[in-house]
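Once you scroll down, you'll see the structures, which are given as structure tokens.
Both complexes below contain subunit A, partnered by subunit B and then by subunit C.
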Partner chain A sequence: MSLEQSAEALRYLGLFSNFDASSVMSTAVYALHPEDRVAAARTLMREKSISGVPIVDADFRLVGLISVSKIIEALADGRLADSVDSVHDSLETMLACFQRFKFGRFPVIEEDGKLIGMIADTDVLSAIVRSFYSVYVHDQRRMMTIGSFSALSEKFENSADFVYDIRCEGLENAGEGSAGLKAFLQSKGFSESIIRRASVCAYEAEINVCIHAGGRGSLRAIARNGEIIVRVEDEGPGIENIDLAMKEGWSTATDAIREKGFGAGMGLPNIRRFSDHLVIISGKGKPTKVEMIFLADKD
Partner chain B sequence: MKLSEVLEITGATCVAGERLDSVEVTHAFASDLMSDVLAMSGPGTLLITGLTTPQIIRTAQMLDLPAILVVRGKVVPQDVVDLARATGIVVLATRDIMYVTSGKLYARGLSG
Partner chain C sequence: MTVQGIVEALGVDVAVEGDLLRTVTSGYTCDLLSEVIAKAVPGSAWATIQTHVNIIAVAAMVGISIVIVCEGRTCESDAIEHAVKERLTILYSKDSAFVVSGKLYALGLR
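Moving on, here comes the complex of A and B:
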């Protein structure tokens, strides 16, 4: 998969739709005053391993940015003792340049011009990595899975073969959707074993919606070409730490739920155990999407 | 082991289902944690549990378990009985605790 295709796949996933500058930027920003020397900028960049420093006035308003290339110019001209103000790019120049050149960093300012952060390419990369933290893929074929996941999104919107709206008070009718799914899969002539795996996983996911997401969500499936894809979605409050949630025995469920035989921290581990591909997209305060793929030829 | 034998060995009563001599169980699994049941048991298993929620029926349904034996003298609510009948899952009930029930069945050859 090419880089462009990956970017397209990620865009398709809507993974980064909730990204804004403030969620990507680093806020521990090193800045210089216009009267600081170029030599100070050089030292700062070397010590902190950064390739550009924003210049701010006494009120922390952004007035410019000094980059490695400017330092090299100043070095060549013997102007290291000059103030950074004399060599830095003005904000106007920066803005114009941002449009023309591929800069490695962008200052983030508030409406009043105050510098609140910086976004370097590494920040973008870390933000993507952080986001992947909440895309849990349990097998080695991560890109393939995400690729198929993105392609499936549209299928689910338009033509899921099985649709069940989860509307559950407590655990009252929890499992009704999965029972419906099982009957549907039986009518499609799948083997007993793949139906059992898909039903168990759908059931665990449905129970999770009832326990953790106020019993509101959807259970949808596509069953074609010997393959079953089940997606269970809810509106949140999301899984704060998916790595923990994937651990056997870890749970945030209440005692009342445990007394009913669930919340023992086995739901997601069970789903991982019985599915062939698994993608979980969630995060604190976000909707949760659990997509499971079951391949007939594994049976 | 036929369910009619399970009934006889454990002194249980049948709450839902009929023709117990025609239903066979090959193993038993005793737990009140449904996710453990989902993780560790398979078709043909008798589920021994102290829970009486609708989810015991759903769990059995997902796994193709033919029967559930409710222990500790719990009364199975009518909606659970109805769900068992609708899904064709046999429900038995005994006053014995889970350990005693399991021991009796194990001693007579029903393995885990």
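Moving on, here comes the complex of A and C:
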């Protein structure tokens, strides 16, 4: 997958759409005053294991950044007793460096120039890793799956072959959408086995919307060239821990739901078993998107 | 074997008379809907103690030929209505699901 495709996939998946500097940055920031000595910067960096220190004025407005490489230069020149003001990078230089080197240490400032945090590449990485807790991709060909998910987005927006709005009060008409999907697939002449797999998975996903998401959501499918892609979406409250939800027997359904034979914790495991590719995107307090792909060649 | 054959052999109350000519090729006994939908094969006779409307949706999804509601339980009215619409036969048995399953097995279903 090219960098461009990755960026497109991420944008579509909405994975990092809620990322802004404030959610990524470290807020426990060590800063120096322009009049502090270079030696103080060296000590600070060594003690705190950081690779750069922002320089702020008395109002905590960012005036520059001193990096390890500048310290090394200062050491070589015997300028450790100089003020950091003499060796730090200007904001312009800093921006130019970031552009040139792609990665580094980004100070985060408010509009009035006040320093509120720092973003290092490790902060970005850990924010990405955190966000991946809310993604479950059932396939070793993970990138391929995300790639196809992304490529399909426009098809779903503009021309899904089957569309059903899930509007379920209680559990009364739960399963109506997947029954409709099954009939649609039969009318399209798909094989019995792929229809079975697709409609079972659609049913489980639809039931999940009815049980967990207030019965409000959508069930859509694209069925072309012998392949079926089903997407079920809702508006939340989302799956807090997808790894747990994928475990057989794990469920957050109420006793009343369980008495009816639902909530046995088999929904997502069944979907995993019967689909060829599965992407689940969710998180606590977020919408849930479940996309399942059924390939013809398995039959 | 047909649905008609099962109805006659079990000799229990018929709650809904659906398509009596449907073929019954296998059987499945379970009350967890996800298990039924995942594992019951089309053309099955399904023994359960569930009585609500969703069992009809599950039966339709799987292609169940006949449902036997066990333990003397009776279906809720919307389940009956739905079954009529789907032409799905529903029987009421006073036996446990275990006994019903044994009887179906004895009839040759596997």
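Just so we're on the same page, the second predicted complex is superposed on the first by the 237 of 299 C-alpha atoms of A that agree within 3 Å, B and C clash if a C-alpha of one lies under 4 Å from a C-alpha of the other, contacts with A are read in each partner's own complex, and residues count from 1 in each chain.
Here, a residue touches a chain if its C-beta (ideal position, glycine included) is under 8 Å from a C-beta of that chain, and two chains touch if they have at least 3 such contacts.
What you see is a predicted model; the values in this text were computed from it and never measured.
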Combined model on subunit A where subunit B meets subunit C, clash or fit: clash
Partner chain in contact with A:182 - subunit B first, subunit C second, else both or neither: both
Subunit B versus subunit C as contact partner of A:273, first or second or both or neither: both
Touched partner set for A:249, first subunit B, second subunit C, both or neither: neither
Touching partner for A:78 - first (subunit B), second (subunit C), both, neither: neither
Contacts on subunit A seen with subunit B and repeated with subunit C across the two complexes: 171-172, 174-176, 178-179, 182, 192, 196, 199-200, 203-204, 207, 260-262, 264, 266-267, 270, 273
Of all residues in subunit A, those that touch subunit C in their complex: 171-172, 174-176, 178-179, 182, 192, 196, 199-200, 203-204, 207, 260-262, 264, 266-267, 270, 273-274
Parts of subunit B lying in touch with subunit A, wherever the complex brings them together: 32-36, 38-39, 42-43, 49, 51, 53-59, 61-64, 87
Contact set on subunit A toward subunit B in their complex: 171-176, 178-179, 182, 192, 196, 199-200, 203-204, 207, 260-262, 264-267, 269-270, 273
Residues of subunit C that touch subunit A when the two form their complex: 31-35, 37-38, 42, 48, 50, 52-55, 57-58, 60-61, 78
